[in-house]
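Can you keep this structure in mind? I'll have questions shortly.
The first chain written gets the first letter, and so on, giving A, B, C and D; residue counts start at 1 in each chain.
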Amino acid sequence: MRALITVMLCAFASIGHADRIFVSNERGNTVTVIDGTSWEVLTEFNAGQRPRGIIVSPDGTKLYVCASDDNIVRVFDTTTLEELHTLPSGPDPELFVLDPSGRRLYVANEDDNLVTVVDTQTHEVLAEVPVGVEPEGMAVSPDGRFVVNTSETTNMAHFIDTQTNVIRYNALVDQRPRYADYSPDGTRLYVTAEIGGTVSVFDIAEDGSPTPAGKITFDVPGVQQEWLQPVGGLVTGDGKWLFVALGPSNRVAAVNTQTLKVEKYILVGERVWQLAFTSDEEYLLTTNGNTNDITVIDVDKQEALRSIQVGQQPWGVAVAYGLN
Amino acid sequence: MKTALKLDHVSFDYGQKAALKDVSFSVADGTFCALLGPNGAGKSTLFSLLSRLRIPAKGQIDISGRSLLQDPMHGLAGMGIVFQQPTLDLDTTVRQNLIYFAGLHGLRGVDAHHSITRALTRMRMSERADEKVRLLNGGHRRRMEIARALVHNPRILLLDEPTVGLDAQSRKDITDHVHDLVAEGLAVLWATHLVDEIGDHDQVVLLHEGRIIADGPAQTLRGEDRLLDWYLHRTHAENVMP
Amino acid sequence: MRRCVHILTAAVLVVTATAATAVEVKLGMVRVDYPTLRPISRLDETPSDSGFSGAQLAVQDNATTGQFLGQTYRLDTRNTMPENALEVVRKLTSQGVRIIALSARPADLLAVADAQTDTLFLNVSASATHLRAGDCRGNVLHITPSNAMRADAVAQFASVKRWKRWFLVHGSNDVDRVMADEYRRSAIKFGLDIADEREILDTGGARRADTGHVAVQRQIPVLVQNPSRHDVVIAADASDVFAPYLPFHLWDPRPTMGASGLRPVSFNPATEAWGGTQFQSRFEKLANRYVTEADYDAWLGLRAVGEAVVRTGSNDPQVLRDFMLSDAFELAAFKGQPVTFRDWNGQMRQPILLFDGRINASVSPQEGFLHQTSPLDTLGLDRPESPCTAFEGDP
Amino acid sequence: MNHYLTAFQVIGMRELRRFFTQRGRFLSALVRPLVWLLIFATGFRAALGVSIIAPYQTYITYETYILPGLCAMILLFNGMQSSLSLVYDREVGPMRLLLTAPLPRWWLLFSKLTASVLVGCLQVYAFLAVAVLFGVKLSLAGYVLILPALIGVGLMLGALGLLLSSVIRQLENFATVMNFVIFPVFFLSSALYPLWRMRESSELLFYVCSWNPFTYAVELVRFSAYATSAPVQMAIVAGSGVVFFLLANHLYDPARR
């Protein structure tokens, strides 16, 4: 069966070069694979216990999945979907980032207040960096010099120097920071605070130090303020737009990064969690945890186009560009 | 002379209440027939039957020799009707009102235009063709409605108390106009309760409590009396008689 | 005062690990232990570290955060007999501990709070509504939800389920009758109807015996015999005398809420949503047992203080209290939305979990209950209802 | 046959002319759905959106959901208003003039009905145009494809109005009709809430709604607006429209009175 699927997928691979989309289903213990052109679900495969964080290596060949309840990171081949190996992650890994070279993986361990640094080639733990209570969000600066971790109960963003694996800066943000993302030129950092209901914006200096540059707030008529909970966030390649997933308010906000004002709220499924772009940033994908689907958003028009059913409780989404 | 309109033993009732009882009379071409009677005599019911808004319970109605019941389209095409209440679109011009009506009778384009011009000329309303109806006085509005009833060139003209609410001069003008039409060969059935609208040579059909109690030329019916005295006497006498 | 707080907040927004001002925060927890009968169910036995472990976890969490800001925390925990409560508190304050989480019954709580007006107390166990109303004190913040909040949480759920006719069964002790009054008030507030009522007499004595269910199976149905038509049974049994038996010994089979069946609680060991799993595993690692409401309330109180310290950079109880009561304060509490304080009576606003013993069946406030400031204020004493004056004239 | 078309044409022109001169009627036809769209839709708890149901491909805001229902509501009001005027004005006024035209009564009724449906469609498009200003819009194809659906639905509702007015003599004024016809027909349909939502609150309500032809009218408009075929809805709308009209025409036969 597995072989058949592989053959099928390879057949797909040979006809086009669209994106292949991977969605981790937290409750379903699977990863759903979707064709980025036809939006058909190609297959769904087992990815260990409670898969959450999911990323594709910079070269597009490997898929990393945090199997939170297995306390490991599973690594799959993006073409054959075979499991290649696992990586140590520390306990209860949720979110992680790869440095731009794809060589080092930084994993947030929620239970142990640690960020674990793993070598993707030797599969060894290089370091464990103590951070605040309940580390969650992870971001890496475009030049790879800093890794940012947000701790949910400490309410801080910790800037870890990747040379020394020591925290260099700390910045207080609002309640329960969930996610961080650098602008592509590395001069800005955005940190979402789920319970605080805000996104903190920092200007990043040459030396990587943050200066508060403002806060983004949200307001949807008719929606209780309490439901506007920023979770995942993503900046466009030109740095002009920041998309923020607003959890239980079922909306993605499109924020103008010049004015730090929300220009549009796009309705998606329930409990929208994480975001990813398809190639050339044509589409934005959202995982909707409570409605078990992902929504495809036209990035230029900022309009939701369609929603696709995936597995149970989709959590994260990653895209392998030009694979299908 | 040919019979334009003929009622034969026509009866009608609204449930328990009889409105018309065994009504028979006829009107010939070129005749002005006054359907005379006090309010509630059944005049309006009779007009409803003639304009086919209602169907008689018993009896026959012939228009130009053909049954209205069996061939209603023929009957309605040959009739021009002026209703008691105005049926005008006030915010449009006289001509637009007439174009609408012409259309209902299948006239369009140049044909409609000619028919409308002719009808307005007959009622001496040509110069008012492009005025808004709202701006016309009561008398002109009525003349316009009569003109409209003539657009499709009918053989019979039915008018249900057409002078209600008009001043004396307008009433006289309209009554005279319609008498002129009769001279052109049209049959006219004119419902009224006002005897001064009736000439001595006109046919009078006296309707009282749903029955016809007199039918003949006004001159003959009144004898030596004034028509008004005769009318009051007959309708009053009938009231007291069993 | 408010303005000053904001300036402080801005000042500490970005801190490097080296350049932080050192602040030492001394926290205390005093637990008054009362002689009580053992609970009906041995699963409800109170652990000896009840509340203390929650307080410890809070201080650990505060300290982890504090390390990046140069803030250190110290916790002193004391348990005491009621008669020594005041003395124990005095001893702590004399050692400079002026922020104390207090687990005591209303009378002792008031006595201690009135004797130590320069100390900030966090009420982490007493639910009595009068402590938030006529008996409120300016130096007491209430972490534990009031009985009014709990009753309203139940009433909102019943209202959503359209269980409009209530059969109220309450105990015979004062606390039970007061609780029954809470439900009566709540029923009126949400337009529900108390179709019938029964009082079950507390005859005293041990609650557990070897005869167990056999005797109960005969007694309870008789006590609740032939009730008027009702949709749900509401148990008001603050003394833990009969409620756990109620669900399966009713005359008419109906769901039970209140003291058994679906219970309104501030927290429980089954809560995993809103990041709760992390809290549970941190707590279990620390205490080697499941969390209780007492632990959560203690944790929440001292975490609120820690958050105020982080945002103000101060360890002054007055500054911290004022900040906690201000609009600037908010705290994530594993309940899906920020918790804050009501500035008219010092009660913490928070969702109430409706727990069936294994899972959370629902959470109040329920969807559709609207409020002009916060839906959380549909639970308990709202500003216009509050007779409390101790907080007036605050910034 | 030419006569028929001529009459049809002048009846239509007259309705249109009246529509453009009667600004009050036009405005109220526009304000009613806009109130729903702008005030109720944003204030209600459905602010969290409506889950995917055919013909939508993703989640939609409540405003988007009720748009087709409001279009159908315009046609409902319009249809009831013009059908009732047809009845009440039968004895007097312009209607009498119309009914004395030498054409079969069914054709006159049909022409009048169609003319008022065209006016209803104009009202719908005016409403849709205003809705765009508030950010609630359809695709270009939707605006085109919606027209046949609107006409079909309008005819069906007009025929329903005719039928009701000839069956129930107590419908004396428009307020009664609002209370006893328009509101139940509108509220007990999928116009404001999807059927699954109705089912959540009451099974009975759900069945009532699924037997309400207006539900299918709303759904036909909805599917057409999203360029999705809806054969079942189309059949029900057409079928009930024809049945209503035949029954109404039968009851209108002057020979019956």
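What we mean here is this: contacts are C-beta pairs under 8 Å (C-beta built on N, C-alpha and C of every residue); 3 or more make two chains touch, one makes a residue touch a chain.
Nothing here was measured: the structure is a model prediction, and the numbers come from that model.
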Q. Among the remaining chains, which ones contact both chain C and chain D?
A. A
Q: Could you name the chain whose Cα mean is nearest to the mean of all protein Cα atoms here?
A: D
Q.
Tell me which has more C-beta contacts between its two chains, A-C or A-D.
A. A-C
Q) Measuring from the mean C-alpha position of chain B to the mean C-alpha position of chain C, what distance in angstrom results? A) 90
Q) Can you give the whole-Å distance between the Cα centres of chain A and chain C? A) 36
Q. How far is the middle of chain A from the middle of chain D, if each middle is the mean of its Cα atoms, in Å?
A. 48
Q: Round to the nearest whole Å and give the separation of the Cα centres of chain B and chain D.
A: 40
Q: For chain A, write out the residues touching at least two other chains, lowest number first.
A: 248
Q: Name the residues of chain D that each touch 2 or more other chains.
A: 45
Q | Chains that touch, pairwise | A | A-C, A-D, B-D
Q: Give every residue of chain D touching chain B within the complex, in rising order.
A: 2-3, 6-7, 9-11, 13-14, 17-18, 21, 90-94, 96-104, 254-255, 257
Q) Can you name the residues of chain A that touch chain C in the complex? A) 92, 110-111, 113, 132-134, 151-156, 158, 167-172, 174-176, 194-197, 202, 209-212, 224, 226, 248
(Q) Can you tell me which positions in chain B touch chain D when the two form their complex? (A) 51-55, 72-77, 79, 81, 83, 85, 87-89, 91-92, 96, 99-108
Q. Which of the residues in chain A come into contact with chain D in the complex?
A. 220-223, 227, 248-251, 267-270, 288, 291, 293, 295-296, 304-307
Q | In the complex, chain D residues that touch chain A | A | 42-45, 47-49, 51-52, 57-61
